[in-house]
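Common to both upcoming complexes is chain A, partnered first by chain B, then by chain C.
Our next item is the complex of A and B:
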């Protein structure tokens, strides 16, 4: 059934789209400017010279290229953290959906209850525990907390209930397959759309995480992009007495580079996560 | 499969999750509660303090101001964000607009932008040095309001958070709307229901679980407000004080003030408030569900 288009609705929604894209367009335009153009030319128009590549080169050399160190750290934290979290959530969610075992309700209640506890309450004790365990200022301090995604577990459980038919598991058992093999060769394949959703959302959560790394890391060569960029912003605003180079173009160009990978991932993988959101968001 | 074997297999599958869950959530939470019952003294070291930290928190003016600020934020920003998300989801679902797919993905993109970068962009756009807002106000010959001043800072933070999360909530609502079977609309059309009637009587009730979920997440997010004010603090330290939000306060107490035990109590109290409000929201929604 085709419905009549409403011009008013279209105009309003496209105006709204303009607002949502504005900062990203601004970022793109200003990442191409020199420091003096940044201050002297209009924010949404290109400057007198196109300095994007100069800015990227400056990022690569400033403080021995620490920016790309932050970039590599972020990739490491996000990929290991999100990958592990998604696998653990898939395994646990499958178990909660497909096995009737003693303590199932207890596990579910504990996980959901704890998920409602804000990260705030955890930050200080996490830091203290990690420092006792010698984990402060290590990669593990950022990756370990990223591996636990109660929301991911919950989403995978709901997804597995429908996506993996009990009859298929029974048939595999009759054929003599072991439980582990049933999961990895049958169950997991059917869980892929839900898995990609959890992976993507945990990727975003870890890539964008600021509070936790800010607390558990204290040497800049371990920083992820968020903490590093925030530090540069602080230095840029504190006044440039000790600055060998204007920092604003570096912060702006660095921000652009920090945004690109996830935006590309979301656009490329939209089919997956849109179906995953449909499965997870609705049934809760 | 026998009970014992089912138990063993299920727990083997759950083991990796439960292990990281214990180490990074359950144990720290227990430790925070434990810490909050002690205090550090110059003479005598760390001693049991009972509820002292909590009574101190309840009469802490700085904490009160912070809590008041995030509750105000919650009361204003969350409804604005959810109403925009709901309106766009309904507009997309009606199919009455051109380029729906582009609007959908475009509005969602900010979700993928780190809060730090989102705040930096908006902070620069609103700021006084090379701010786009000031350039536009100058161009039309109007005085520029101080968007990062004491009067408008909270609204500017609200703008950043709204920008970041409208698309995410919109997608959840949109996904819920897509699950309504076409027959329901056909039956409604036969009964003579118009578009607004359909939206009110079919779509909104179908959205209730998704709305409850979005509301709970937004409540938790508002009370925890940290990233945006923390980044803006670098731009305007005089406006965003070290106790601007309760979370910022707890952070500063623990990491610059060295008051670990009191910070733990503040964090636990804050967590408690969040859980109570989230639970109340859920109860409210559940009760209304039963009536209908």
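Our next item is the complex of A and C:
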């Protein structure tokens, strides 16, 4: 088949690319500026001096380097939360797709219903529940809710229905494999592209999660990057607060560093994604 | 995913308001735990009482260290959990849950009545704070007092002043205004000297600007009689005087719309595009911190008055230190809150380490403090101006128990009029309607003129 290029589509694609890259370019440019350059030079042009490394150094020392503490916290919350959520979604989705059991429809309805409730609406009840359990201001208060991903479960169920042929499972059963073994050795491997999708979605969601940690955490040592950077930004905006260090460059450089792991995660994980999409398109 | 985050961000203040609303209409859960006059144990140096303090002031630990030296029997743990509404949401959650809050917290004056109404704050006169009304400036005592009860120790305040760019005024060849009429004349001269220059900005989301104006006019836009009778008067002659004045400048294009505190706004200040900033005295901290390259260009003058010979000023911002009712150490907490804001050592630290304007009578009688020359303002003795404003501040201003809501609908009403350059008076009428509707839902008996 001959590939035809559409000039209109090409232009639209380039325009969209520019549109999506613009904030990142702004971030990159402004992370290299000093505080006075931030307020005196054009936003998309580099300032009079290149201060990126000074900014990173200031970030590492301000308030005893609490920024990197926040960074580590975010990594912990995102990796445990998203990893756990993706594993649970894969197991649950597989079970829902491949087993027929009493209450299956009930579970499905509950999952679909849960996916429809925005997390924000549940945040305050979650707080009161955690307060009763003594979980307020613990890492668990951020990680536990992140482990449940109704959307991920639903996606994995749909994916498992097609990606894991029933005949393979039957063959394994005839060979004497137990259900756990079948899942981990056969089912899960076939589910990897879907698993990566859910993992990426959850990783982004947990990495960016703001409201839940904001209300359940009461010590800045436990904050993730979102809450910490927003705190600095508000301090910088507050005015009338005696700042020993101008905070805007720290907020901007901090934001730049904060998006790097997500970019890396996408670059590293996307090949699993592509192979999955390709695999689905071929009749085996 | 980005949209999810946005939605969550926007909802944070909304959720806080919903919580306040819930707490305001129902019986509060914290009342049950009240233990009367028992302020908790007294510690010793070997076995200190431990209290937790929530504050977002970046260097407040220095002041705390001084306190712990003076009071080894009390051990203070500082946590910075969020600025403004973020922290208030947490305090409200903790009040609803009955535990989890700090013993002592930093709180802006406008938020204190709402937490006092729901029983979340302790009346400090029961725990050793009975001298607060005599120790602190009359200009701020009214902001923490309700009847005979005192719900906070004043920490800093924002006596209204006008910061202005000397270079912009010189270029325009116009005198620095002392009345609002002169201010309007100066606005025209500045615009005429350079079409990209404005006398000031209007921020459609900044209710504080309107509060400051109404406060100076002693407009009393709301009066709470007892606990539930609320008289609203946002359409009074005085309120309309303010609205019409700014309407005139806005519709003539003499002001620029800008969001206070945004980086764009700071840039406009730094470039001289915005020539004056009428604000609490604390504005100097923001200028010094964010625009060091402007050193020497700014000066401070008294806030303009309405009629020649008038002296009345108002305030913008400021905060106090509150003690939570759920605290088990209210005596120790009150000792700390009082010491931090009134002990001479602490007042020195508030001035030097925090850059705050202290609120004790004693501090404002100290010539060394009043006469200090501020380098950023070209060596001006700025605190003389601050002190004059503090003395002349109208003392009858009171915040409502649901002030955060009042501020939040400003943007939808008056703010809309500012952005659309339509009548601000209509904006005020809409503002009053929204406030009245909400107050009635909360169980207040509302009368309007």
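Heads up, the rule we're going with is that the second predicted complex is superposed on the first by the 255 of 284 C-alpha atoms of A that agree within 3 Å, B and C clash if a C-alpha of one lies under 4 Å from a C-alpha of the other, contacts with A are read in each partner's own complex, and residues count from 1 in each chain.
By our rule, a contact is a pair of C-beta atoms (placed from the backbone, for glycine too) under 8 Å apart; a residue touches a chain by one contact, two chains touch by 3 or more.
All values reported here derive from a predicted model rather than from experimental measurement.
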Putting chain B and chain C on the same copy of chain A, do they fit or clash?
clash
So, A:38: does it touch chain B (first), chain C (second), both, or neither?
both
So, A:123: does it touch chain B (first), chain C (second), both, or neither?
both
Give one of first, second, both or neither to describe whether A:144 is in contact with chain B, with chain C, with both, or with none.
first
Taking the superposition as given, does A:131 touch the first partner, chain B, the second, chain C, both, or neither?
second
Partner chain in contact with A:4 - chain B first, chain C second, else both or neither:
first
Given the touch rule stated above, what does A:208 touch, chain B (first), chain C (second), both, or neither?
both
Taking the superposition as given, does A:91 touch the first partner, chain B, the second, chain C, both, or neither?
first
Touching A:248, do we find chain B (first), chain C (second), both, or neither?
both
The answer to whether chain B or chain C touches more of chain A is B
In the overlay, answer first, second, both or neither for which of chain B and chain C A:234 touches.
both
Looking at 21-29, 75-83 or 237-245, which bit of chain B clashes with chain C?
237-245
Return the residues of chain A at which the contacts from chain B and from chain C coincide.
38-39, 118-120, 123-124, 127-128, 204, 208, 210-211, 215, 226-227, 230, 234, 237-238, 248
Would you mind writing out the residues of chain C in touch with chain A in their complex?
1-2, 4-5, 7-9, 11-12, 15, 19, 54, 56-59, 79-84, 86, 89-90, 93, 96-97, 99-100, 102, 156, 158, 260-263, 266-267, 270-271, 279-280, 282-283, 285-286, 289-293, 317, 353-356
In the complex with chain B, residue positions of chain A that touch it:
3-6, 9-10, 12-14, 16-17, 19-24, 26-27, 30, 38-39, 42-44, 84, 87-89, 91-92, 94-96, 99-102, 104, 107, 110-111, 114, 116-129, 144-145, 147-148, 150, 153, 173, 179-180, 183, 204, 207-208, 210-211, 215, 225-227, 229-230, 233-234, 237-238, 248, 251-252, 255, 258-259, 262-263, 265-267, 270, 274, 277-278, 281-284
Flag every residue of chain A that touches chain C in the complex, lowest number first.
35-36, 38-40, 63, 118-120, 123-124, 127-128, 131-132, 136-137, 201, 204-205, 208-211, 214-215, 217-220, 226-227, 230-231, 234-244, 246, 248
For the complex, which residues does chain B have touching chain A?
1, 3, 6-7, 9-14, 16-18, 20-21, 23-29, 31-32, 35, 84, 88, 91-92, 94-100, 102-103, 105-118, 120-122, 124-125, 129-132, 135, 163, 166-167, 171-172, 175-176, 178-179, 209-210, 213, 216, 220, 223-224, 226-227, 230-231, 234-235, 246-247, 250-251, 254-255, 260, 263-264, 267-268, 270-271, 274-275, 278-279
